[in-house]
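Here subunit A shows up in two complexes: once beside subunit B, once beside subunit C.
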Partner chain A sequence: MAPVRLSNSLLGTFRAASIRPANAWRQKCLYHSYDYTESPPFPPAESAILSSAYNHVPSHGFTIDALKLGTRDAGYLDVSTNLFPRGAFDLVSYHLVTQRLALKDNVQFPGDGEQGKRMGVGAKALAIMAQPTYIPASLVELAKLADEIWFLAGDQSVDSSWYTKRASLSTIYSATEVFMTQDKSANFTETEQFLDSRLEDLMKIGRFMGALGEWGNYTGHSTINVLRSKGMRI
Partner chain B sequence: MQASRTQLGRQLLAGSMGRVSREPYRCFSCSVRQAQQQAPPPKAPQDAQGTTHFGFQTVAEALKEQRVGAVFSSVASSYDSMNDFMSLGIHRLWKDHFVRNLNPGRNPLTSPSSGDKGWNILDIAGGTGDIAFRMLDHASTINHDAHTKVTVADINPDMLTEGKKRALQTPYARTPRLKFVEANAEKLDMIPDNSIDLYTVAFGIRNFTHKETALKEAFRVLKPGGVFACLEFSKVNNPLFDAVYQRWSFGAIPLIGQLVAGDRDSYQYLVESIARFPSQTEFRDMIQDAGFLVPGKGWEDLTNGIAAIHKGVKPA
Partner chain C sequence: MSSTILCTRSLACRTSRSLQQPFPDFLALATISRHSRLQSTTSQPPHTPSPPPNAPKPIQPTSHKLSQDALSQTTKPIRPLTPDQRAFLSSALRVNQTGELAAILIYAAQNPVIVRSHPHLRPLMKHMYDQEAGHYKFFNEIISKHRIRPTAMTPIWTAAASLLGWSTAVLGREAAMACTEAVETEIGTHYNEQVRVLLDWSRKCEERGESLGPELDGLVGELRRIRDEELEHLDHAVENDAKMARPYELLTEVIRGGCRGAIWVSERV
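== the complex of A and B ==
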């Protein structure tokens, strides 16, 4: 009993000691952890303006006008939009980040009901995100979203599939997003079909790649064994 | 007191002696020799009490204002052509970008009709009106705003005269939208608290004797939510490009100053004051210390950091 307690308390001190340095760089963590609360994504003043500007997006879109109205609502001036060097993109980015962080609260599991929340950003926002200056930031956000989705889906892979899973999901997500901008069907049923068929494709590819790997493994081993049986020293 | 007065007197004397002895030898060969003799930038010594930098020289605080005044009085008439020569015309792009980014003016079509009309802009050290005219043009033509006002403040009456002369060629002369004021940026007594939407200073703040005081004063006059925007020479990031740039600024600019404006010393001061100005991060910290919120990382580099735009927002 005593050794167990000792090791437990040792572990405890290790934990206590390891928390402090982790504090400093936890904002850079690329993985999920339940142990730390995430720092808020925007500073308080920016957050206040962006959240009130966000209410104007349905009527004004992701534009500098929506941002200006937001600054007014938050008690700032028109000129305070200079707090956002990237202008409308900061508003888009606010949308993306808040939707991503809210994903864990409104994620839908089978049987939970039909009303999932739609996350599409629309053609205008995609156009802003595709501007060369903003492409890196947009890709980072896409990667984070893919990571969040896989995390919420319970993915715990620690091999190279960690990367391929996120890459393939990012591809499918962005393809679906682009498809959605052209979708005129009621309730975006065509987008749903498109998404389903892309996921089906992905699974087909996954199965094929798995089979290919198995075949390669088997054939390789057999070849070596055949050669060994012929007396070759390998 | 006695000591500082003798120091002041000695510097005045040294300054006048230097000018007298150098005056007759203004020819091309001399300027080349002078450029070669140019000492490398000395390490910044700890500021003694009551002194400040004038280029690479250390002068009494009381003297800096006077000598900066002398520099700008002597370059006022050729200011624009000199800027073109020194920056190869790029300063116009910087200023255009600076103004376009600030997007001055209140568009009556997209903003609600309630509240005040137009912005109240204060352009510090804007004697020749470069920034002021651009602001008014942008407000009128881009934002259809006929109410935005610009107050141009400069410590130097010669630069203001130049600006007034140039204003006559714009539609804003003799309208309430443009006003010229002679003022020291560290003591803006004629401007009430919380009255300005946008405070701009373009290529001026490095000449101030007390930059912190000027920032405090900017904080005072701005409305809550108002913006402090500063366009100023800064530090080049790329070491290779920096070497070329230092060559250009210490070799060519004083020479061009001599050839075009007939005034080497003033332009020597200009390049030295640029080299002395704090780096982007240091100046960002100064803006934060004055109480401003800075957007993003706090500055935007122009042409690899030759110039930089710093902004600060007064919290509401």
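== the complex of A and C ==
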């Protein structure tokens, strides 16, 4: 009997963890309409609990305790935390989603260190996100963030660079996030320098690849045209 | 030996006979699509029924400028798209953008070879290329505006389309035109399918007293225009002896199969 129960509970855990990332994945990069506003990312009850729990994060961190306190504040029973099978990760996910959606309102006013502090999640949240069960969902969220940033930056690429741009930005973003957890400088100035130098590297690589592509294209066309001018029937 | 000669002769006879017929069978598809085009164009109801009293309340448009635009055209509320509808639009528009990229690459690869041996085709090739370039620009804007992921297969389709255009051009004018005919047949069918689905959504929304919104109504119009231009290319290809290409069946079937495969992949990846 025990193996059956074990497999059932394992399956349950797996299902709880896998349902939402699957939905999140499916909703990624779908047709975005300007005729109406998107529906909010969380249902009303979840949103109420998570937002009041979010107020406890500064004192309690991204923990199940913050979630319980938030449930009470929102006027629900403690058992309502069952709405969030992923526990603390749901709180982290709420932070990531709301900050991502708020980005389009903040982007007009490029902030100082305070802006960086708001976006960063901190070492403990990173540790939660790096748990194997939550890695897919975290990666989806990272991809969505990179997509949002490129969209807000007005990027219009429609070829392979769409992928390389998002991949490189995601890499830089996560590297900076990890760097930030070790940063003790005031206002995270070292993180800012780190980010600037990584972005500079990226632009160098981008310019080099662009020049290489242009050279290859030019050489190829010239070769064909020279051969044609020699009378070759190609 | 004699049997092969007979065979080719009978094939040539059949081809020339079919060319003399007033309504040759290779035009069947063009006429079918034209017929359905007429149907689809006239399928919009002239009047709008009032909304049922207990219908689910759709979201009112909130963006100021757009809602004013929408209100000036129609006072009907806009129906938000379901995830399935958004998924359909994403994959269909991704295929459209990829298809137009492939089309301009095919024409660009065919152009120098064809124009050198048949200079009288220069204006036609330029006309078709310019129209495809316009379509490509339109779909590029659409997919970046609506945040649709472009296909990951772009480098492969680029190479394949250039190779297809070049090799059919080297085979001769007829083969190049047969290639155009095959490609435009598939892409015309694909556009027709989209117009049909969008008009179907639109009709269902009208029945509920709602509208799809100005964006999608505009998109249907553009899709119709682009489809008609693609089918015009098909007619040009047929006028320029696409049917005379030597292994005609083999060539068009292989190209059409390739197109369908590419559409299938691009819808997903």
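Going forward, the second predicted complex is superposed on the first by the 173 of 234 C-alpha atoms of A that agree within 3 Å, B and C clash if a C-alpha of one lies under 4 Å from a C-alpha of the other, contacts with A are read in each partner's own complex, and residues count from 1 in each chain.
Definition applied: a residue touches a chain if its C-beta (ideal position, glycine included) is under 8 Å from a C-beta of that chain, and two chains touch if they have at least 3 such contacts.
The structure presented is a predicted model; accordingly, all values stated were derived computationally and were not measured.
Peer 1: What is the contact status of A:Q182 with respect to subunit B (first) and subunit C (second): first, second, both, or neither?
Peer 2: In the superposed model, A:Q182 contacts neither subunit B nor subunit C.
Peer 1: Identify the partner contact of A:Y76: answer first if only subunit B is touched, second if only subunit C is, both if each is, neither if none is.
Peer 2: A:Y76: touches subunit B, not subunit C.
Peer 1: Once the structures are superposed on A, label A:S229 by its partner contacts, choosing first (subunit B), second (subunit C), both or neither.
Peer 2: Neither subunit B nor subunit C is touched by A:S229.
Peer 1: Have a look at where A:D159 lands relative to subunit B and subunit C in the superposition and call it first, second, both or neither.
Peer 2: Once the two structures are laid over each other on A, A:D159 reaches subunit C alone.
Peer 1: Between subunit B and subunit C, whom does A:A45 touch in the aligned arrangement: first, second, both, or neither?
Peer 2: After superposing on A, A:A45 lies in contact with subunit B but is clear of subunit C.
Peer 1: Subunit A residues touched by both subunit B and subunit C?
Peer 2: none
Peer 1: Which stretch or stretches of subunit A touch subunit B in the complex?
Peer 2: Its residues touching subunit B are 43, 45, 64-65, 68-69, 71-72, 74-86.
Peer 1: Which residues of subunit A touch subunit C in their complex?
Peer 2: Those in contact with subunit C are residues 26-37, 39, 147, 151, 155-160, 162-163, 228, 233-234.
Peer 1: In the complex formed with subunit A, which residues of subunit C make contact?
Peer 2: Per the touch definition, subunit C meets subunit A at residues 59-63, 66, 70, 78, 80-81, 83, 85-87, 89-90, 93, 97, 112-113, 116, 140-141, 143-144, 146-150, 152, 154-155, 166, 170, 213-216.
Peer 1: How about subunit B: which of its residues touch subunit A in the complex?
Peer 2: Against subunit A, the touching part of subunit B is residues 101-104, 106, 110-112, 119, 197-198, 223-227, 229, 293, 295-296, 300, 311, 313, 315-316.
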